[in-house]
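Across the two complexes that follow, chain A remains constant while its partner is chain B and subsequently chain C.
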Partner chain A sequence: MWRDTLLIAGKDLRIESRSRVALSQVIPFGVVALALFAFALGPARGPMVKGAPGLFWVAVLFCTVLAVQRSVSVESGDGARDGLRLSGLDPAGQFLGKSLSVAAQLVVLEAVLAVGVVLLYGARIETYWVIVASCLLGTAGLAAAGVLYGALSAGLRVRETILPFLLLPVVSPVLLAGTRIWQAGLSGGTVSDATPWFHLLIAFDAVYLALGVVVYGPIQEST
Partner chain B sequence: MTTITPDTSPTTPGAGPSTPDAEPTRSALPTSLAQSTRMVWTTRIVGLTAAVSVGFTVWLGLWVTPPDKVQGDLVRLVYIHPGVAWVALYLAFGLAAVSSLLYLWPRTRSFFWDRLAAAAVEVGVVFNICTLISGSIWGRPTWGVWWAWDARLTLTAVLLVLFLGYLALRRIPAEPEVRAKRCAFAALFAAVDIPLVHFSVDWWKTLHQGATVLNANLSPTIHGSMAWTLLLGFIALTLVFVWMLLVRYRIGVLEDFLGTGELEVAILERQAEGAGATPTAGSGDGAAEVAR
Partner chain C sequence: MAPAAPPSSALSLRNVVALSGRFPLLAGVDLEVETGEVVLVEGPNGAGKTSLLRVVAGLVPVSSGRLTVLGLDPARYRTSIRRRVGLLAHASHLYDDLTVRENLRFAVRAAGSDTSRIDDACQRLGLTGRLARTPAVKLSAGQRRRVALAVLVARSPDLWLLDEPHAGLDASARRLLNDLIAEATAAGATVVVASHEPELLATLATRSVTVTGGRVTAERNLGAAPAVDGPVVSVDPMVADIPVATTGTAPTSEGVAHVA
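Then we have the complex of A and B:
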């Protein structure tokens, strides 16, 4: 399973390194979203600094939808999905591989957006490990749930419109938890406030990763 | 337009009511309709019992029970709100999750479970909206706001959106088997959020009050006639749910039949065109014609 995971993740990341869709479209979109939030809040620093954690995670969520759609669309042409199904690769490995690839792209995006939040909004990071841990845990959950719903909507003609509607409510606990943890990790926050939200993120990751490992194969067969 | 009424012809031998829609085919309608004769009566009896128990709850809640020491008459909303929430968050969505699981399980795969899950989600969404509305009406004078961003409220709203997503997914045209499987997976993923809703009240300890009846010590913090009215409210709303579920299930069966019937008539018309014959006038009521 782990070998298949690395194989699929390598395949998706190789496609990304050659097409540069995430780099040239998804990440710039995230930065544009940050700028638009700033326009909506006005030029004063106060509201921007206060809203920085939430705005960061909202931008990440929007970009997750794009990354997942891209991850699904690379397999939508030339019978690639059927090819994968017939390849004999472990479905659990395929799920983990695709999740790993989406997560890797999201981590790069989050690094860029975090710099953006610091530079554009004037937020000051106080406890770095809290911020990094929230990003890693949040990204694992986002990628797992995203790939799962991506597979569910893969064969649909209305994929582009149904995926955000299905996915965004599911990942809203990540937004809630991520925002609260960031508030605790930024200047003026209390680290101990983050503990229950870390528990929530871990539970979210465990549930959707386990679910994906078990049901990814049957989903691929049925859609 | 011709109305479609349940077929009261004798049941096909061997297809008893204990195995509803045993075969996952859409052409099994005559059996389903024959069964629905019994279903009609069950629905009526459940509906009547629900109406009587709701009437009793209203009488007890509005006239017999005293106002609360702190909340005054506002406490009367508590006879409805937890019951509606119980149906929406646990019963309806729990049933949808179990039915979806049973559909996905190869040994129990039957369109009965698919239709039951769809009916449970649809009725559950109605109850979920009622939960949020009744909670808001209670929250405005108690908390001072129509909506508070409390964890439990938020997740209840999230749950509503999740199951609206299920219904949206269901509306996407697909082969019956594909649609049923896809929706069953979606229901299963969404159901995963239900434990989060349940335990969030303990995890976050925010505005929402803790469980009144089913708390950790199993010692209800409500007494006397108020407790009995609350219990009756739970039973009444559960009966209303069952009644709505039965009605929605029957509509689901008829909808499926209508779809199949229309398709069959369209094929017959096309064949008739090919043979040079003129299609019969008024053949739009195809399902009814096929039923005859």
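Then we have the complex of A and C:
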């Protein structure tokens, strides 16, 4: 399974390195979203700093939808999805590989958006490990849930529109927990307040990673 | 645990029905293919040739009937079978952003096959030099076909399923394809070819089966095999043509009026 995971992740990241969709479209979209939020909140620094954690995670969620759609569309051209099914690769390995690839792209995105939050909103990071840990845990959950729902929508002609509809409500716990943890990690927050939200993120990750490993194969065969 | 079909049987379909929604893709196919055979599948457009190959490859589930591939039940040994079966479909199964060589390498590694055969496959199919480094998106339809063929050659599966394999290939590539089929069978592989151009396989095919309305309606021996015709089958054209595809249920064997 791990060999298949690395094979799929390597393939998807190589495709991304060639097409540069994440680099040239997804990340700029996230930065534009952050800038628009800043315009909407006005020039006063107070509301922007207060809203920074939530706006960061909302931007990450929107970009996750784009990254997952790209991950699905890579397999939709020239019968590639059938090719993948016929390859004999372990479906669990395929799920983990695609999740790993999406997660790698999201981590880069989050690093850029975090800088954007500091520069655009004037937020000051107080406890770095809290911020980094929330991003890593949140990314794992977003990637796992995204790839799972991406597979569900893969065979549909309306997959581009139905994926956000399916995915965004499901990942709302990540938005909630990520926002609370960031509030604790930014200037003025209390780290101990983040503990229950870390537990929520860990539980979310465990559920979706386990679910994906089990059901990705049957979903792939039935869509 | 024990294979359901005899070891010499590469493929066995008994009254196999496959549905797409309520639409019958296969409507009770009976077919036995022995190891090492080259079986030509003929039939009009929409007869079920492609569906037959897709069912055997495991891309379409069997709704009823019994299917064994390489002596194994696909419902239980899906992954093992897929690693031993190669399908050349209408689509090339290539990733546009990967080069020819990267596509080959990924497909061969994914199937768990030996990557040392990639060089030889590239040489045979003329996928060398700059072409090997060309992204698939820039290839012509014929070149994509050659890459898909190279994947098969490099993987060297036990069962080759070829769907209109000559389509899009130039004359030399068509001759090469026939050479590859001959080499594969000489090495012990079994080949099932769906084609509208049976004359291109006249010297290779050991048997021809005709699929009509989602069923095998006739078969005959060909090529090096004794020139003895198979069973003479007459088909009720009303059942053989359209109605099977519009009833929404699998038909019975009423379409075969007489087998002598």
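Side notes on the structure shown:
Going forward, the second predicted complex is superposed on the first by the 223 of 223 C-alpha atoms of A that agree within 3 Å, B and C clash if a C-alpha of one lies under 4 Å from a C-alpha of the other, contacts with A are read in each partner's own complex, and residues count from 1 in each chain.
One rule holds in what follows: a contact is a pair of C-beta atoms (placed from the backbone, for glycine too) under 8 Å apart; a residue touches a chain by one contact, two chains touch by 3 or more.
Predicted model only: the values in this text are computed from it and were never measured.
Shared-chain residue A:14: touches chain C; no touch with chain B. When the shared chain is aligned, chain B comes close enough to touch A:218, but chain C does not. Of the two partner chains placed by superposition, A:108 touches none, neither chain B nor chain C.
In the superposed pair of complexes, A:6 makes contact with neither chain B nor chain C.
No residue of chain A contacts both chain B in one complex and chain C in the other. Chain contact summary for the complex, chain A toward chain B: residues 145, 148-149, 152, 155-156, 158, 162, 165-166, 169-170, 172-173, 176, 196, 199-200, 203, 207-208, 211, 215, 218-219, 222-223. Of all residues in chain C, only 57-59, 61, 79-80, 82-83, 85, 87, 89-98, 102, 106-107, 109-112, 135-136, 144 touch chain A in the complex they form. Every residue of chain A that touches chain C in the complex is listed here, in rising order: 4, 7, 11, 14-15, 18-19, 74, 77-80, 82-90, 221.
Contacts from chain B toward chain A in the complex involve residues 104, 151, 154-155, 158, 161-162, 165, 168-169, 172, 177-178, 181-182, 185-186, 188-190, 192-193, 196, 203-204.
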